[in-house]
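Going in written order, the chains are labelled A, B, C, D, E and F, and every chain counts its residues from 1.
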Amino acid sequence: MSSAFMEIASKIKHKQIADLIKREKRLDGRTLTEYRDIEILVGPITKAEGSAQVSLGKTKVLVGVKIDIGEPFPDTPEDGVLTVNSEFLPLASPSFETGPPDENSIELARVVDRGLRESKVLDTKKLCILPGKKVFVIFVDIYILDHDGNLFDASALASLVAVITAKIPNYEIEDGEVKILEGLQDLPVQDYPIATTFAKIDNSLIVDPTLEEESAMEGRLTITTKQNGNICAMQKGLEGTFTVEEIQKAVITAQEKGEELRAKALGVRNG
Amino acid sequence: MSSAFMEIASKIKHKQIADLIKREKRLDGRTLTEYRDIEILVGPITKAEGSAQVSLGKTKVLVGVKIDIGEPFPDTPEDGVLTVNSEFLPLASPSFETGPPDENSIELARVVDRGLRESKVLDTKKLCILPGKKVFVIFVDIYILDHDGNLFDASALASLVAVITAKIPNYEIEDGEVKILEGLQDLPVQDYPIATTFAKIDNSLIVDPTLEEESAMEGRLTITTKQNGNICAMQKGLEGTFTVEEIQKAVITAQEKGEELRAKALGVRNG
Amino acid sequence: MSSAFMEIASKIKHKQIADLIKREKRLDGRTLTEYRDIEILVGPITKAEGSAQVSLGKTKVLVGVKIDIGEPFPDTPEDGVLTVNSEFLPLASPSFETGPPDENSIELARVVDRGLRESKVLDTKKLCILPGKKVFVIFVDIYILDHDGNLFDASALASLVAVITAKIPNYEIEDGEVKILEGLQDLPVQDYPIATTFAKIDNSLIVDPTLEEESAMEGRLTITTKQNGNICAMQKGLEGTFTVEEIQKAVITAQEKGEELRAKALGVRNG
Amino acid sequence: MMYLEKYPERLIDEEGNRLDGRKFDELRPIKIEVGTLEKADGSAYIEQGKNKILAAVFGPREAHPRHLAMPDKALLRCRYHMAPFSTNTRKSPAPSRREHELSKVTREALAPVLFLERFPRTSIDVFIEILQSDGGTRCAGIVAASLALADAGIPIRDLVTAVSAGKIDDQIVLDLDDIEDKAGQADLPVAMLPQSGSITLLQMDGEFSKDEFETALNLAIEGCKKISIMQKEALREKYAAPREEAHEDEKSQEKEA
Amino acid sequence: MMYLEKYPERLIDEEGNRLDGRKFDELRPIKIEVGTLEKADGSAYIEQGKNKILAAVFGPREAHPRHLAMPDKALLRCRYHMAPFSTNTRKSPAPSRREHELSKVTREALAPVLFLERFPRTSIDVFIEILQSDGGTRCAGIVAASLALADAGIPIRDLVTAVSAGKIDDQIVLDLDDIEDKAGQADLPVAMLPQSGSITLLQMDGEFSKDEFETALNLAIEGCKKISIMQKEALREKYAAPREEAHEDEKSQEKEA
Amino acid sequence: MMYLEKYPERLIDEEGNRLDGRKFDELRPIKIEVGTLEKADGSAYIEQGKNKILAAVFGPREAHPRHLAMPDKALLRCRYHMAPFSTNTRKSPAPSRREHELSKVTREALAPVLFLERFPRTSIDVFIEILQSDGGTRCAGIVAASLALADAGIPIRDLVTAVSAGKIDDQIVLDLDDIEDKAGQADLPVAMLPQSGSITLLQMDGEFSKDEFETALNLAIEGCKKISIMQKEALREKYAAPREEAHEDEKSQEKEA
């Protein structure tokens, strides 16, 4: 296909999407604030201390949590460490390339990280083993397997489920050394942050955009809410702009959607 | 502008500069061994342990000194550590690019480093806290803000002023641990090295070349002198060559200019 | 030379090499299983703890062994560390470029490493100084100086000789600290692995291919044997394939050639 | 880490004064200068409290490397970068993940005012250097960068303006400094187009109820409007001054005539 | 390293059973799925014991960056990559030297079945992701990758198949898992073309006598043949199924007619 | 750091002998060989004391990557590189800042003798490998590199020559070795064109009075002249030898005739 032809095709598709949205409809029949089918698979990677695979429609994200014992940061000597990393695997999309994380991958990881960190999902004090010397280090690795849009929400949800279902070993301190004991315990989970991402297309906001919808998206807004409904992280992306009213409306929807998705996450955890 | 036209324009400018220099004159009216106006601003960065901004005409260099406590090098267990780094910020010149330091930036940092180190500007023994374990580590970061020629002398001067005005905390050793106390002290300053850079243009040497003059420069020679007038570092650059006589003459001028600039540095330090 | 012409020239050369091999002959008069002249120079780099330069015809490889005291890997706290690194120096061939090791260089280093490691050339337990804390770390650096084919065998042989002739200092433990004493000792050598590499050209196998022969080579097979004749490492390379019979025949030849080259290595070590 | 940072227990005293004496809706002292640098096509410098930030713009110029050039519009690039000496503990000069993210959101905050399609095949490069960092640098960087774009003579729809609001000691306040950011409860950096009120940058961390969020967003928007005025003044200072001089020249010529 | 791995003293019990109950010539349970991914041109997923591996293929597509394109054939690229969470201790995401080597030998193991000269100037890209690693991943990756090539509709001469043999407790066994690999005496990964019997990957470490080696090679080849059958079944499962449906459609149409 | 280096208290004894027995104006033993390598277009090998250095030249050849080619002259590239095993403590193979700087000044020291404008669009690549390092390697590298340029048949104006002078125990001496460099007071590496006396490399560290500097510079220049003679001899050895053989061939033919 010639590039000129592809551009025309893409403009037609864009117009079609936008026209539908004006009439509060979408290509796949959803309402503007409806998520695609959500599937959550808990613990697919048994070698990881925690893991989860989340599908939003055809988007598929796998998150593994590895836990090690390491040193705390010098400015927070009594806190465990949480780090989030993301890889846009080249097998997930023809547009992803091999190589170190690009700015999109970094932004995704940092937005997920902010949601987990700012909601205080874990009580990091309880992850301290020997103050200033040994703490649990939690690595959250986001692996994008199939990219059909809305990587932010899928990654945030999979990360949450992987973290809240992860286990650390029982241990005791003997003469200043850590001794690993039999048995496992849960991480000190405190909250359940949920990210909801809005795509702005021709002055309308929709949630959970597909890749096709993202190609028509001018602006992106991710709002992460805590279990109490409060907001703990936001991120506007892309070159489009938002009005104050749009943002306020989005906050309300994010609170609703947060409750809906949080129930699913807690469901799989407890089930 | 076509590249061919620019090349002709540059050749005309080169000829003009060279013709003037033959008659011991320069575009901006200076004599061959005259510096542009020198401005030294002490301590613009209060979060740094030392800092200085130096202007040579329109060339502007900011140097910040950060000090930390770290480990000594294994082969000098009783010496503090001094490291010099330079960044050719892309905002200083259309010809500077983002990315890791290129060979020009590395050469500049190493020539400034050599001047500081070989003049023994600091008594590194006195920067040792616990032999083999803890020493003060001095980071000198050169930030080129505006490049209008003679980055070497501007960077060396700004680095000197930043180092000799930097402060470290009072401290004491308690049970093998460093305890930071109230109050600050000067670094153990021992000398005041000054770099003087010569541009060779059509068999004449001039000091403190502007960017325009540098575009006509075939060879570059930097001579760093100590307070006692002795030479502590030299660096010839570019593909031009120097005669023994030129070098000898340059040494004498460097000694004179060294005294002149050193007086300015000491002036701002004490003033 | 035009690229089309060079391709034709290369095809003619390929045909000539293949036709000769069919008649069990080679351009330089060798039989199919004959090595070029082998020269082994022991200890050319006196600053290294061990070194050897090996020539296979015009191929020349220099290996230096540096030894330091460092920490063991966490999963083998009582074993010394052996690491092999290789550099395809740009001066060895117009096709080698500067920069970090490419996949060819990495494969070479790993195949040599595997031969040394799997043959248990050194008793790594005896390289442990303080379990979990201090062990000898052996760096084997392969430096390709001139590339005229069969880098694998030349590198493996030079690495073996450099390792088995390397020295470590006598030492004792005083209050948990290592104290270096006068005098040197051999490394705890246990075996003498030899790599033999086969080139497959038009369904024939030859040993020790020259660069010219390598240009006609479809597949490569390296077999490393121990002193007892057993196989300790294999590596098939390139896009050609091997039959089971070819592999079985190659194993027998590798055992014979292993004995031949091992005798040379032991000869230079003892002589 | 020579000095361990300690945070006070209270960030606002009983009279409603913040640590540096400001009221909840007060900006830090701001100094803006346009055209600070010689070699850049456009530049600006901002001090906001202890923040010291330079912004420079080059372009539209030939995109380099060339394969990045776009046939239908200019390539907008943006680098937010912190000096190694800008922070309490020395920062490695290599760009951190945070700097990569802030470069991206800054570019996206500035893009809406540019007419990129007017300059196909070129690049417009924005460089923001945080010389000293004291909280709110991304917003201050945007404020300086949009002035640098104007100073470079690049046509823009509006001057992007920016400031953050936040929550400390359970109160919503404007323009957090470093201590308020670290010891506080929430931070909400906002960039906007003052003419249309459109939001071009919005990030948040910490915790806000819906009402707190709305209060904070409105406070940030009010702050943006104040800064917008200062931006225009800074531009006028640079560009009106010569004109006034020119005007005076005319007058004096008149007199002479 | 939170958990220190310990290996049992014996890997085979007196009745000839391995730790997981297998006999010397038994494969681990294998599950293969073709067409697992949406966005790749072709894909496959394999579970072999605890190994979980995805392979995807893109191409033939325009080679990028362009200067890598070859005028007379397609560029075949292959990446073998392990997820950070695939191993006991977290693996850094940056490719290790081991991954570089395995990418190379995997590419060389797959190349013989492709008709690269039919697609000049293009690239064919093979991505293998080890999601969970339990020994023998390079072979399982090749098994999945050759199915992904077929799924992408790329013409191939044969389906490359692969498995390793090895030596544990002085016995030659098929398909080592991670513990057997680490605590065992030798490992011999083999890839082959089932139709011709040609070997396309051969590596080995540990110690084999000549006879042991031949026994192991033959055992690996027998294992390859078994896996080859599973590969074909997995392909049939994906591609035959719709055809049967189509067939049933036809039948139902006939009925209706 | 297995061995801690210790330096003697005195570097020159009462009779004016240095640690290795040399007088102040003596060079270390030097061995030069031209055409050492097979695959390079030109090459040379130098031993100077314990220094062991290889230099090789490729070109003029097509510049790669192509965008570096210059329309009006050849691109001269130079890499000064130390083997990991060349020093007491193992050196990381990645080029250090020192190696970057020395690559630059070496290139600038060699450039004046080349006619780069005769070979537009090409590159001339000079590779210097320090196999063993014992002080003065940059100068020895230049000596070998200029011979490698000649050996490659690249037209040159003159053979660049180089050596350092320095100060130890308050005396000016020629050609410092590693211990003299580290335990001494000053080092002055010099490269020059022997025909014109022009200086093409000049660096210095340590401390010199003006007079000491002049003495050292003159001593280095005298040293350069001696090395220049050895360079020419090494060239003659390679290139005269075959000619003599040819000459003898002619004679023998005459006899036969």
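What we mean here is this: contacts are C-beta pairs under 8 Å (C-beta built on N, C-alpha and C of every residue); 3 or more make two chains touch, one makes a residue touch a chain.
Computed from a predicted model, the values in this text were never measured in an experiment.
Path length between chain C and chain D in the touching-chain graph (shortest route): 3.
When the partners of chain B are compared with those of chain E, no chain appears in both lists.
Most remote chain with respect to chain D, judged by CA-atom centres, is C.
For the pair chain D and chain E, the distance between C-alpha centroids works out to 53 Å. The distance from the centre of chain B to the centre of chain C, each centre being the mean of the chain's C-alpha atoms, comes to 48 Å.
The set of chain C residues that touch two or more partner chains is empty. In chain F, 1 are the positions where the chain touches two or more neighbouring chains simultaneously. The touch graph of the protein chains shown is a ring with every node of degree two. Starting at chain B and proceeding toward chain F, the closed ring of contacting chains reads B, F, C, E, A, D.
For chain A in complex with chain E, the residues that touch the partner chain are 44-48, 51, 58, 60, 62, 64-69, 85, 87, 89-94, 98, 100, 139, 141, 143, 145-148, 169, 180. On the side of chain C, the complex with chain E involves touching residues 74-75, 103, 106-107, 109-110, 114, 117-119, 221, 226, 229-244, 247-248, 251-252, 255. If you check the complex, the residues on chain E that touch chain C are 1, 4-5, 97-98, 100-101, 103-105, 108, 111-112, 188, 193, 196-210, 213-214, 217-218, 221. Residues 1-3, 37-40, 43, 50, 52, 54-56, 58, 61, 79, 81, 83-90, 93-94, 125, 127, 129, 131-134 of chain F touch chain C in their complex.
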